[in-house]
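Labels run A, B, C, D, E and F following the written order; every chain starts at residue 1.
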Amino acid sequence: MADLTHVDSSGAARMVDVSEKDVSKRVAVATGRLRTTPQVVTALRENSLAKGDALATARIAGIMAAKRTPDLVPLCHPIAISGVKVELEVTDDGVDIAAQVKTADRTGVEMEALTAVSVAGLTLVDMVKALDPAAQITDIQVVEKLGGKTGAWHRDE
Amino acid sequence: MADLTHVDSSGAARMVDVSEKDVSKRVAVATGRLRTTPQVVTALRENSLAKGDALATARIAGIMAAKRTPDLVPLCHPIAISGVKVELEVTDDGVDIAAQVKTADRTGVEMEALTAVSVAGLTLVDMVKALDPAAQITDIQVVEKLGGKTGAWHRDE
Amino acid sequence: MADLTHVDSSGAARMVDVSEKDVSKRVAVATGRLRTTPQVVTALRENSLAKGDALATARIAGIMAAKRTPDLVPLCHPIAISGVKVELEVTDDGVDIAAQVKTADRTGVEMEALTAVSVAGLTLVDMVKALDPAAQITDIQVVEKLGGKTGAWHRDE
Amino acid sequence: MADLTHVDSSGAARMVDVSEKDVSKRVAVATGRLRTTPQVVTALRENSLAKGDALATARIAGIMAAKRTPDLVPLCHPIAISGVKVELEVTDDGVDIAAQVKTADRTGVEMEALTAVSVAGLTLVDMVKALDPAAQITDIQVVEKLGGKTGAWHRDE
Amino acid sequence: MADLTHVDSSGAARMVDVSEKDVSKRVAVATGRLRTTPQVVTALRENSLAKGDALATARIAGIMAAKRTPDLVPLCHPIAISGVKVELEVTDDGVDIAAQVKTADRTGVEMEALTAVSVAGLTLVDMVKALDPAAQITDIQVVEKLGGKTGAWHRDE
Amino acid sequence: MADLTHVDSSGAARMVDVSEKDVSKRVAVATGRLRTTPQVVTALRENSLAKGDALATARIAGIMAAKRTPDLVPLCHPIAISGVKVELEVTDDGVDIAAQVKTADRTGVEMEALTAVSVAGLTLVDMVKALDPAAQITDIQVVEKLGGKTGAWHRDE
């Protein structure tokens, strides 16, 4: 028997088996926000930060982080991501962050979308922290997912 | 001359040179929160989640992520982290997350502390999302830093 | 012709082509052991080690390492792991380690299971080495594999 | 709607969606060259470099790098590589490098082959730079690809 | 004796011991070129490529790759990089790539600068290959190094 | 106060602070063994394995793994390794593996040496498992360490 039944594992972390789940198209969208000062908002709009182009850097960091999700989140499955977009919109009190991840695989991609948002947010903080050491990343959440056995889910707001 | 003066690089991202900064002891503390449902709070307190021990998993994910910071945040310097603690406290509406990172190096460790908090938060979401697909990570911020040229900084609250 | 026939490559390392192999469900189980002192065994049972919870840390390290196998073992194929369990049992002279890895892909997962066991073992040594610098990891081996063209294999004992 | 239509993203980097592309067998071959001194060529032929066996090291570095392509090239998709060969041939003025990568997936493997050649070249430079600080990697290019919607492509020469 | 004298290792790869070398400020500059078509040059100048902003993406990829050098080049030492700049200049037949890396450590940073140039070049190829499958990376070389025991070195041209 | 005193963390994993420890030269040597069949021993001696040169591949995998130790072992500190050697000796019933790691840093390098031995062993198994699915890695242990506050330690045998 290939199951490890000889050891009681109640409560122990495990990566759950998804080999019975269908390969299907799945999409997840997550969002979050950087909260910072008007001075930083102006610098972002003028691309005048000392470390360089914060928005391009954060966008790429978010895309790359989506691919690193299983290296970071211990029980996430490695997954064949088929597309990632990270969108950043400068607002009057910070930056709105959104990430959309697509796959055709056995698990959803919510964690990949959330990781993209988080690392894009961390990158923005890194770019602005000399001007605003109190910058905050907040409201990181899934807003929509499509596909898979559970089907579509939309955040109520 | 070793400087790249022949190309105009205004606005281009760069990893700023810190070789003139002093090696000194530095500490940073960052915090954040998972917001979730009473049902999940109960499951966390009883360690009854299907994926296993969420708090131990998130704590270790946060510690490991602190070490991966320069792989994730494009302009962060690789740094010799000398200690990391991640603390998690289950509250009535979620989990309070705190990370403390220490170093004896040329740059501060705020990004490492923020990354530890973010990835601990992502890991908690991964553990609870089957029960609460709307779980949120919020208020990721530096609360204190010590050491370096700029000295101590404490968040006002 | 897309083959590199113009260079003699006898003896040179290569990642063998598996594109003709079938995608099928495959399972591998590997085991190993930490050998240490009675003092450490007591500390493991009481969870009183200075570095913290050794068993939870080793379990998560083993799961994460299974995903890193192709980064570590040069000729291993990247593979879509669909599930990992690492089980640890404290015995009178150490810890028995077992890892089960499942996939639905073109190659077996023996290396993933062996890597999970090895890194769980390394993590245990790291947690206990202040008390027992002579701790040993031993008997790392595949005990069972299922699926694939060669079918089931069980270790004789 | 799962598309991020509320943000204008013209010009912003994105990982394009390949979920509609067919899973098919694909092959890519890339080549490049190390240009160095006759003294180094002799040392390579005699395997007498201070750092050890340059050809075996470069070959393995190239194979491993092919697997790391999506970690290095921001918009590359993670892909299930099914085979990699790196061939090195010492010539009178350096080393000819060739890499062949195979997959059965949704995107081509040109970037994987080019990455294998580049990192094999970087490794050769590292092995010889004590003798030849002016060593050069050059002519890194795709020479052939097979499979996928666009079909076969061969470099004209 | 801590040396492994019982095994003959002639010709075997090793990471040479640098613990006797001085910690000192060191700089390296490397360059390379992307060779492509006039059509791509126009698209780069107009930032109209389908995958998005190629120059910003390549710059960040190069900076991040400099930090990954010891993960890619087997015998490179892990090193505390203190600064990285990657400069890209669109020319009439492609893109000139230059990378400058600084450190205050025990080894030079030529490999880090060469890796930054190579991966910036690979990223440019990835961005333009839909328009120009024959794009080439060429002339990757160190042009200058400062610091360390051997002192300043400049490429003759 | 930068300490996280508001949360009881007894038993929780942490990366202990080493910032008070001295930077000093440290060496560790670890050993292990591959146990396999006479058929495999012959193939290793003749370099006739289907996957290629097993000894060169395992040696490089071990060296690279030493650098990845803090990515694999959760509570290990990132450390500036200054030298690594991996020695392999084919014996009548397998391969003796030895790794020596040197540093000039704040912690010992036992874990780096043990990781090098383990991953060299895993790589050997990967190269031979088609011929010997029962191959075993065994007796992974530290045999010597020098330097640091605790000074020299030698395994009794």
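Throughout what follows, a contact is a pair of C-beta atoms (placed from the backbone, for glycine too) under 8 Å apart; a residue touches a chain by one contact, two chains touch by 3 or more.
Everything numeric in this text was worked out from a predicted model, so none of it was measured.
K.L.:
Fewest touch steps from chain A to chain D?
P.N.:
Shortest path length, in steps: 1.
K.L.:
What's the overlap between the neighbours of chain B and those of chain F?
P.N.:
C, E
K.L.:
So which chain is the furthest away from chain D, centre to centre on CA atoms?
P.N.:
Measuring from the centre of chain D, the most distant chain centre belongs to B.
K.L.:
List the interface residue numbers of chain A and of chain C, divide the shared ones by all numbers used, and answer same when the ratio is over half, different when under half.
P.N.:
different
K.L.:
On a CA-centroid basis, which chain has its centre farthest from chain E's?
P.N.:
Most remote chain from chain E, centroid-wise, comes out as C.
K.L.:
Which chain pair shares more contacting C-beta pairs: C-F, or B-C?
P.N.:
C-F
K.L.:
Tell me, please, which of A-E, B-F or C-F gives a repeat of the A-D interface, judged by over half of the contact pairs matching in residue number.
P.N.:
When the residue numbers line up for over half the pairs, the pair is B-F.
K.L.:
Between chain C and chain E, what distance separates the C-alpha centroids? Give it in angstrom.
P.N.:
Chain C and chain E have C-alpha centres separated by 34 Å.
K.L.:
Measuring from the mean C-alpha position of chain B to the mean C-alpha position of chain E, what distance in angstrom results?
P.N.:
A distance of 29 Å separates the two centres.
K.L.:
At what distance in angstrom does the C-alpha mean of chain E lie from that of chain D?
P.N.:
So the centroids are 15 Å from each other.
K.L.:
Considering chain E alone, which of its residues make contact with at least two other chains?
P.N.:
Residues 9, 12-14, 16, 53, 56-57, 60-61, 64, 68, 71, 74-75, 78-80 of chain E each touch two or more of the other chains.
K.L.:
Each pair of chains that touch: what are they?
P.N.:
Chains touch in the following pairs: A-B, A-C, A-D, A-E, B-C, B-E, B-F, C-D, C-F, D-E, D-F, E-F.
K.L.:
Quick check on the complex: what are the chain C residues that touch chain B?
P.N.:
53, 56-57, 60-61, 64
K.L.:
Of all residues in chain D, which touch chain C in the complex?
P.N.:
25, 27, 29, 56, 59-60, 63-64, 66-68, 78-89, 98, 100, 102-104, 144, 146
K.L.:
Please name which positions on chain E make contact with chain D in the complex.
P.N.:
9, 11-14, 16, 32, 47-48, 50-53, 56-57, 60-61, 64-65, 68, 71-76, 110-111, 114-115, 118-119, 121-123, 125-127, 129, 133-142, 145, 153, 155-156
K.L.:
Residues of chain B touching chain E in their complex?
P.N.:
My answer: residues 2-4, 7, 9, 12-19, 70-71, 74-75, 77-80, 105-106.
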